[in-house]
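There are two complexes below, and they share chain A, which is joined by chain B in the first and by chain C in the second.
So, the complex of A and B:
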């Protein structure tokens, strides 16, 4: 009896480990081990065959002295910041409008339509925007009756990517903000109304502060997602994943080193991205996080 | 007061209608463009098709001896299997993290959360080297297995399962149910909304994937359709891109999903909100 009890108790102890086992095995094999491997690799020169040669910080130093690195990092930040601002503003305004009194009963019509771009695959939307911004077949060029070099002028090219990203992203954050607004509850807003607060006043003084955690979450996830940008600029701005250096995003640096067989360099470029994401997230937490 | 309310309602509706037009118009260009001939598209890319044709779709089906059909089903197979495995693995682990006290639980969980900051792009380089040594390049498993243990999914499942009352689990245990039986009959049952949300998010993210399969695969017949679509451009020559064919391909991957979305829109929209627990 005692023995049986002991046995079931030790068995009991192992149960949670059995439940997490499939996750942990897969996590270690396909995430943790590769991440450590790439960290080690970033201090080596390795061509994929033969012996890897230890070169210390050379990969990092080379990258930091490499103009293309800063250039592509700058491009990624351009795409991130310039789509971030309109995305967040439009998404929040649309959520406020849909949530407002005269509109809220039509929510179920507007919500899915505004979310629709998210259902469009990234690849399909990028290719479709290529036709919208195209010079010869382009929709805008046809509508205006003259060819505008959206996809060949370096400045305009970058803006087309911003438009594409913003178009896709608004629906996502719109839904997130809408659910954030729903949790605020009507009674608080009504109390503010009775106290004579105007819509703008109550939005600014009540809604915005109460939405802080939602904003925070939206900002951080948007930043992490945006720095990994790859598909949109590569499909929109090039035929063969080789957009001009002036418009290429940071991930292209990793991929070009990888395809060029410079695995150490590709790994170092990856770790620089990790550090950038880390710094950016910390800054955001400090700026918007406040007390928590 | 009343007229003021009506005017403001009209203005707000007007703003929303503009927003909806902006959201829908590119999809409109895609779907109607797919129904235009090359000739019509070059002069009328913006409007409705004047002479609608399904010709592009038959060209698409016959393209490169059925490559599009094949890769379309590759995509569905890969995304579905990946989604199913992710949901299973995340539910099992989520249950343990939500409802058991075990040594190392909190430390482990914190460590997992911290690694959420590491972008998967970092691991493309080492994974490429590992898989080329294992002989996994150009397989289906390379597209399905890695990534099924993702911390976001685990976190989502754990957050949801925490809300399941302990008393239900205790009651089942007193009835003599084993831990695994409790998981299978009680926990999974009660977590259906979370699993559904997770499945939608994971399916969409796998369906959208481009970079990873592009690196891991060179055999076209094993690729997902997303990698093939941009190369439709090079069918004839770089100078004469068959845009009508590209648009047909884009519609092929978009329209079925839009239909599913419209049927299950509440599930899709709540998956966004549930997914927002990440962070």
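So, the complex of A and C:
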């Protein structure tokens, strides 16, 4: 009897682990091991095949002394910060508008329209933006009757990327905010209304504090995604060849190292990015995480 | 609460490093060695009843070589009986293919038998000892190969590549406008004369431009101009010294001279504005590689048909090439390397096979026997002149820049500072000095990587 009980308890104890075992195995094999391996590799000179040579911290030191690394990191932050602010503001405002009483009954129309840029293939979006922002034959230049070098002037190139990223991202964060808003019960808003709170006051004092976890999720995922930005600027700014390093995001540095057969350097650059993202995320958690 | 924070931090870290997953490969398991055990297949003797399968990796599309292989094997039934060539896409450019090759070498899996690269990548793989030396396959044809083209096939004086397309420098120009303005491209010897010719054309056609060197610069523009000189980024020992190399300086100055001249257009190459600029007559000349003939036709500018002709570059800068050319290499670890080499030798050096390639791709062979063949010298359907004679003439001026195993990175770094110099953000000396510092910092010694 006792033995049977013990057997059943043991079974109970291990069954959950058996269920999550496939995930654990794939996590270790495809995520943890490569990540640790790349960390080890960052201390080696290795061209992807042949023998790896231990060089200590040289990859990290060389990167830190490489102006282009800081420039690329600056470009990434430029893309992140300048798209982050409008994305979050517009996405939240749109979610508030769509959730508001007069509009909410047309949600089924507005939601897909606002989300549409997100489901457009990024390649197709970038091609459309290339046409819109073409220097001479572009839509904007044609409308203004003046050739504006959106895709060849180093400063304007960066702004064009920001527009593309923001346009694509708003739909995504709109959905996140909309789902966050649905968690706020109508009774609370009605109570505020009865107490005489205006729409602005209700939003500021009730909706926004209650949306804090949703904001945090949006901010953190946006920061992580934006700092790993690669596709949009490369598709939009490349003209048959990679975009110039003056406007390239940080990930291009990693890709360039890989293309040059410098896997160790690429790994080190990757780990520097990990540290940057981690610091930024912890700062965000500190500011927006509160006591939760 | 502490537990929650710890969990949050852990999850955040996991998300952050997600991008690194997949970076690994086992150096110790690499097959980066030519000492592959010889199997039956490695001898090239496929079993009589079954054709050997050869994998041919190409870029940027498989279509052309599927057609070529089909026609080529029909031309050589004895090869058709013993081989089945599968064309595989390696990516959109040579960098993608090089990356795939590295991964295949690291994993020992899916190694193609024939790989298309650019000469730029050859030094890396030869230095690593992963390519099959091809002397014995090329020697029988050596007498028929145009001498300068041999440089595209060699590294350290040994053959390691078959030429897919030798890329001499070719000057495309509006024959009708040049003739109307009384300009003979063969009489233009220097960059100054080239600019003067442009100014003369502008007297009749005020909107016409001779070139469009711009920021961001194109790597082929830099390398074509640099290969006209003896300039190089590092010496033979791998010490970066471009800041003190007079020919690198001269190259930067020449590009700047064209960039600053009135005959330079602001139209960006490969942008949506480029093709319309040819149609509108804004661009009446291009100093570019021979490969441009196909790209230009792909613009499908019917109004330009019969208006463009080609000539060698002005004498002062006519030597050199765009990355030497496109090549085929055979990995030493390929299971069918002998058969692959036999096929590629026929495909690249036999006149009948060259005609098939010419028909499909427009690539003119680097063969002396083809030089006299009317097939390659006939009038062209699109261009105002035959392409063959000028291409063959330009091949005589073909010079290959001494690429290193780190050339891709070198060019990326140097281009950045060429842009800064052109834009007037840096002086020539500081641009070159900073480029040199970055090259040392990022690459060190290209031969010791």
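Here is the rule we go by: the second predicted complex is superposed on the first by the 264 of 292 C-alpha atoms of A that agree within 3 Å, B and C clash if a C-alpha of one lies under 4 Å from a C-alpha of the other, contacts with A are read in each partner's own complex, and residues count from 1 in each chain.
Assume a residue touches a chain if its C-beta (ideal position, glycine included) is under 8 Å from a C-beta of that chain, and two chains touch if they have at least 3 such contacts.
For clarity, every value in this text was computed on a predicted model and none was experimentally measured.
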Superpose on chain A as described above, then tell me if chain B and chain C fit or clash. clash
In the overlaid three-chain picture, which partner chain does A:132 touch, first (chain B) or second (chain C), both, or neither? first
Which of the two partners, first being chain B and second being chain C, lies in contact with A:245: first, second, both, or neither? second
Name the contact category of A:66: first (chain B only), second (chain C only), both, or neither. second
Touching A:89 in the superposition: chain B (first), chain C (second), both, neither? neither
Any idea whether chain B or chain C touches more of chain A? B
Return first, second, both or neither, reflecting whether A:258 touches chain B, chain C, both chains, or no partner chain. both
Pick one for A:122: touches chain B only (first), chain C only (second), both, or neither. first
Answer with first, second, both or neither: which of chain B and chain C does A:151 touch in the superposed model? second
Have a look at where A:191 lands relative to chain B and chain C in the superposition and call it first, second, both or neither. neither
Check each of 116-124, 170-178, 188-196 or 206-214 in chain B against chain C and return the one that clashes. 116-124
So chain A touches chain B in one structure and chain C in the other; where do those two contact lists coincide? 30-31, 33-35, 37-38, 41, 48, 131, 134, 136-138, 220, 224, 228, 239, 241, 251, 257-258, 263, 266-267, 270-271, 273-274, 277-278, 281
Can you tell me which positions in chain C touch chain A when the two form their complex? 1, 4, 8-9, 12-25, 27, 30-32, 95, 98-99, 102-103, 105-106, 124, 128, 130, 214-216, 218-219, 266-273, 276, 405-406, 408-409, 412-413, 415-416, 419, 423, 434, 438, 441-443, 449
Chain A residues touching chain C in their complex are 30-31, 33-35, 37-39, 41, 44-52, 62, 65-68, 130-131, 134-138, 149, 151-152, 154, 220, 224, 228, 239-246, 251, 256-263, 265-267, 270-271, 273-274, 277-278, 281-282, 285, 289, 291-292
Chain A to chain B touching residues, read off their complex: 12-13, 15-17, 19-20, 22-27, 30-35, 37-38, 41, 48, 90, 94, 97-98, 100, 102-103, 106, 110-125, 127-129, 131-132, 134, 136-139, 142-143, 167, 170-172, 175-176, 179, 214, 216-218, 220-221, 224, 227-228, 230-231, 235, 239, 241, 251, 254-255, 257-258, 263, 266-267, 270-271, 273-274, 277-278, 281
Spell out the residues on chain B that touch chain A in their complex, using ranges where they run on. 5, 8-9, 12-13, 15-16, 19-20, 22-24, 26-27, 29-30, 33, 41-46, 88-90, 92-93, 95-97, 100, 102, 105, 112, 115, 117-130, 132, 145-149, 151, 154, 179, 183, 204, 207-208, 210-211, 214-215, 226, 229-230, 233-234, 238, 243, 246-247, 249-251, 253-254, 257-258, 261-262, 265, 268-269, 272-273, 276, 278-279
